[in-house]
């Protein structure tokens, strides 16, 4: 990179090219040596470190979920082959999850959109960029007269400079309608946390805890920042070994790793937590932590009452309370199964109250370090925002809708008439890498670069240590000539709306580079702007050391109502728990074959949906594995095969989310069913968020039977073989073991 | 003195035996018992006994074949194993004895069988050593006595055959 | 030579030898030739029915194999624990089938049981063809058939050898040896008969038999060498046959699978082999007797003896089978015991019980003379016994794979695909096609030995009568 | 009788000869063991986009192979020289600038397009051959002349225009060399042979 | 001469493996440790394996027939015995299971063509182009970790442009070939070549398998057991597990190391550390 030959990174990728490097598919049958058939790799003007046959690693940031893990991409002969963890990144710690690995399949997906699509005569037809941009400019360019609520930008979790750019774009219309929708949003929990602990997303010091009591929090699986949490968990399990107790209606991956797992009736987590609080407060040392009225109100939460409501054995309450007293510091977590209820915020508050009682704040719970660029932090999605957008569309107020990274037609509950409302919007644009259900309803679909081809930045809402900005850079030249970066498209529009501010940026790369180098003083770097930028690209992250902040707890917000049993509607006798698979999440990754074929951790089922039912319930109803069941709620019904699952409260049935796509490519279409569509319109009383776990259903046998597609064989027991041996914690001398956790 | 063949066909095995006995006792000039051959549809050890000792060497071949098979079998296999580029296998020695014994045994039998057959063919002097006189009824139910003798003795021999009720006498007439 | 007996002789004989005779020793030798040679000319129409059916089955098998070859073994619905399916089960079945020929010709030859003589030829042919069929399965089950020559030990450019430790290489060698030896044995024993064919045939067939009979003229020297060589090869063939099936047994006994790692497997396999071979002989006996009008030679007393032999072997097999269960049951190997229990109670229980019933109970039908004298019953019984023996092989393969050491891979349901069945049926077609062709081209009854039999028996009778 | 003895003796001798003949096969495939110069027939002609004259560069000019095939010493593949390397010299050599091949070269350079060379020494996909290790061992450690080291597999490139495959490049050919005792270095008399582990060359 | 070689080296050709300190003077003996207490069953390793080793995605139908191709599978058990409890009170038991790279591998003995053999590094190799697909190795593998190419996957598992992701260092296996975990031998070979060029031994931590590299909890440790200072060698030593022994003579209490099916005398190179559960909880 010196002298007149200086070429910037994008040019470099172009020059590198994938000229002639056909991937080999010949297999091992061909033994002939054929001269002059294959082309040989040759370069025009590569960087000195590019050596054919040797992989080069480039740092980037994973865009598969909102965690913002730093990754390294292995590039050979101009092709990205594999992603690894980036050791520079505090979030990933050099590790990577299954989702992250599969990012290359987003990039190389055979069903990727390669040309813009425009609706002509009711049908989406391929078109050219010129035409697409002309249409876009006509509607949303400099001439556009749309204002305020007339335009909305619907996204999934988005952060960094892309988020800022969306904000600027909407600003040019005087609109604030950046709607963030995440079907798995934790808005209820965050609200409760904000109220009780003073922080919506406090730092969890899992490795510092000696006991974790988790009410359905799947921090190892589908939680926030699972890679980071898993590393913390590994340290938590080293000597002195921490104990994990999980209480939830349906076993999550975290529950499967618990030392003790309790099944309880969905929605009664708060009652159980209050029962624990009651048991703890009987001991003098905790009495001062909560206001007296609460202590008094808790009197009714004796163990028999709690047991009666929650379905957990009465002895469990003093036992868990005893464990909590014995082990300090501890950490009590609430999760989606507790929060996704009509009393979700109340449940969460009751659970978090235990942290206050036990004095965990400041020890295992802390506030995140203050961020120098709060505008870049990912904003949490919520169901409320989507409802608002839906109403705006239905009323005809919304005139133009841009959608990126969100698929509400698939992931919104069935009772929300989102698709119908969307029809009323005259101009709908989707920016996608692959057409999904929502994009299929739009008027204009623009093909995006994959995250491995585009520049960007990521700022996760959960910053485990200090501040980390993840830099996303292209790992290879664009696979298709007709895809564009998200930033470039938005910037193009912005240049037309506000030429004087954005004329200077030929593309998003220039915008990002300037934005990052401008931030250099914040990171106290002594490098030149160019070197600072180079350095950021090289390490993939910008980091700032900052101490965690203190939490301001407030126990008085916890409402302790009279303990009441759930009234069971006899028409719908079963609780319905939608479970979240760590790899498919809300279904946005269902198009990735590796993840489809990766057996679900707990059931080992692949490529399908299923209905989990407790073996004892199944025996009562004479249901065998593979029987096709109809699961019916007041809002709809779906059919799927039964799977007998012991990690389930017996009055509960559970189905995984993420499957049931109808327009998401060959790997997703027709695989399983979509349980989002049978959720009932029930909402958390305090926040108005959708109560995802509150639906009640009835299950019916259809008489049909099909083979379960799963990895597990005829038995799920070890049959006396010493396969996974388990040793009691007091029998193992962990302290003497050679530590092999990479710190 | 030129030698010619003559062959007589008999219906009855006993008569054939008697004819042979007479031939043996006759001490005709220009005739030797070694030159008598019996052709029959089934084996007649008692008639063959009259012809005097005619040793069979097939089993020598068998012995040689079997021993050869066993020794070369083991040697070839063991030295192949010793020189094979990939020597370390499943925790076994490079030259394991029991598996090699199995193969040695098979080669022992294979070579034994093949050499026996070969020995037999050599014993038959086959192919290509066919006697000049043959009657197809031998393969049905008749017995034939073929004699090679000086042409002078032929008449006497034929006379013996006729005396023992031979059905037909064939001869070389050249 | 051929004595004409008067009625009084027959009367005497009836008194002293009350049993029915294996063969009518009064039969004229020329008649023997005529009868046997006639079978090669004009069999009953049933022959063509059987031949056409075999050809059709074989054709279907070839179609399945070509489909499997083109597409991959996935079409056979095999999977990770069930890697072999019907292919290897049927392979063992055919290997077992091959043992009867050796039993009848070699063992009984050495033991001077001359009643074998009219029927040993087709039994030997059965040996050869079932070995050829078994060999096909070794190829069929390979993932890359086109590379099968890697198994052959030959000096090559890559400096590689097969793995001499592998029971599969032992198998290949043993089967190769057995096939070579049994072809030599079959051909060797047929030379005098081929000379007969040569002497009667005309046209190109004469040339064919002339070539094959190697100039056999039945001279004393030829007979002497022939006897010694034949006996020697017979002596080699007996241990060879035993070794072949015990080597097939080591395919399993040497391996790690619970339920296979059993010391008694080799004798158990050998007994099973003789058993299924004998049962198959009964079947073919009845078919040939009808198709080629061999009532005169394949007589009921010979069938009776074969059936009694089969019964004896069935009992040996039953004993060894029970020994296998017992040694597993009383042994300390929990895994093997689990597999045994699984066979009796699990997914394959019906087949396992059927196999035990067919293998150990049905043969008791053979213990009754009235049953033995009924051709229809014998036909059905022999087919049942063979089915039992096939099931035995299936029970060795599939349940063991379904319930091995590793619980995670235990299968909850597995059934072979139509391609597998097609190839298995095709193998039966292939076998019977070859066998039927053989019967048409070569004398199925050994003429010279029947003559010997007739001769010796009449000699013996003469001696008795004197 | 004499016939039998003779026949037996003859057969025995035949078998013994067979054993003697088979012996070298057992000790290692004699068929495949070509020596250094055992395979000299020129391989198939490969029509390259530019008919590159190796004889001028490596022969007349005497340029070290690794000047252009610079990756050979640090990567499994020797690599085709980058276009700017060609230009580095040819920009300065005025005398040949209007020759047709050089014009072609300039055309590629101006389009910034890689030249689509065809592979001449193309091994099957399941084989990994490592140039680096061979160059490091025989060129750098042994100090053998570069034309000998490269030429062992590639033939006398200095006498070709476009390169052609002159050696078998078959497994037996590889092994025949791996089995040899190679002196460890010019000064060290200790010998060692190449690895003969399948996984060294097969992937 | 082969005969003289046979006679001269007879005693060395008759050595039975494994024996104690077999790899004492060797450069490499690759080994692995999996801490089952750290393993959360998250599937990161399995996906990493797919990405690194060109594993085909077989699709729903083939998977339902049991024709999955995961070299590394995560098993999940609900208990140790034969009876399913009402609830899995102490969680599930996860077991990452891949080729155990046995020192006395049952698969190696039975392969008729020697397509699987033991490398000098103590790996259980699989040479695809030598394999004829007899599947005897799989039949004889007690762990059932060998996977067979039932179909021609190159044509069906990587529709364009998915094939561009394929790792050029690893062969794409065609139909009829057995395959299995190789401990990412392409990485090991590259590291060994680099080390040889530099005239040294591969350092601990310089090379690792894709699964170990991905594992978010670092439950998998990989390294060179011939190097007594490596992490794996230290853990094996600390756990008092001897590679060449089928009955471990442990002097200390509280050690968690064990090998699966050690009684079958396969001498696996993968050491598992027992899962720990607080029984008071």
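Going in written order, the chains are labelled A, B, C, D and E, and every chain counts its residues from 1.
FYI, contacts are C-beta pairs under 8 Å (C-beta built on N, C-alpha and C of every residue); 3 or more make two chains touch, one makes a residue touch a chain.
Since the structure is predicted, the reported quantities are computational estimates derived from the model, not experimental observations.
Connectivity of the assembly in the absence of chain C: the other chains, held in place, remain one touching piece.
Least step count on the touch graph, chain B to chain C: 1.
With centres taken as mean C-alpha coordinates, the chain found closest to the middle of all protein C-alpha atoms is E. Counted by C-beta pairs in contact, the busier of A-D and C-E is C-E. Computed centre separation for the pair chain C/chain E is 44 angstrom, with centres defined by C-alpha atoms. Chain C and chain D have CA centres that are 55 Å apart.
Centre to centre, using the average C-alpha position, chain B and chain E are separated by 62 Å.
Annotation: 32 Å between the Cα-based centres of chain A and chain E. Contact of a single residue of chain A with at least two other chains is seen at positions 24, 26-29, 31, 707, 712, 717-721, 723.
Shared contact sites, meaning residues of chain B that touch two or more other chains, fall at 79-81, 83-86, 89-90, 92, 123. In chain E, 2-3, 5, 68, 73, 75, 106, 109-110, 114, 117, 120, 128-130, 152, 171-172, 175, 177, 261 are the positions where the chain touches two or more neighbouring chains simultaneously. Those residues of chain A lying in contact with chain C across their complex are 29, 707, 712-715, 717-721, 723. By the touch criterion given at the top, residues 155-159 of chain C touch chain D in their complex.
Residue ranges of chain E in contact with chain D, taken from their complex: 1-3, 5, 117, 119-121, 123, 125, 127-130, 169-172, 182, 185-186, 189, 193, 196-197. For chain A in complex with chain D, the residues that touch the partner chain are 15, 17, 19-20, 24, 26-28, 30-46, 51-54. Put simply, chain D touches chain C in their complex at residues 22, 25-26, 28-32, 170-172, 175, 179.
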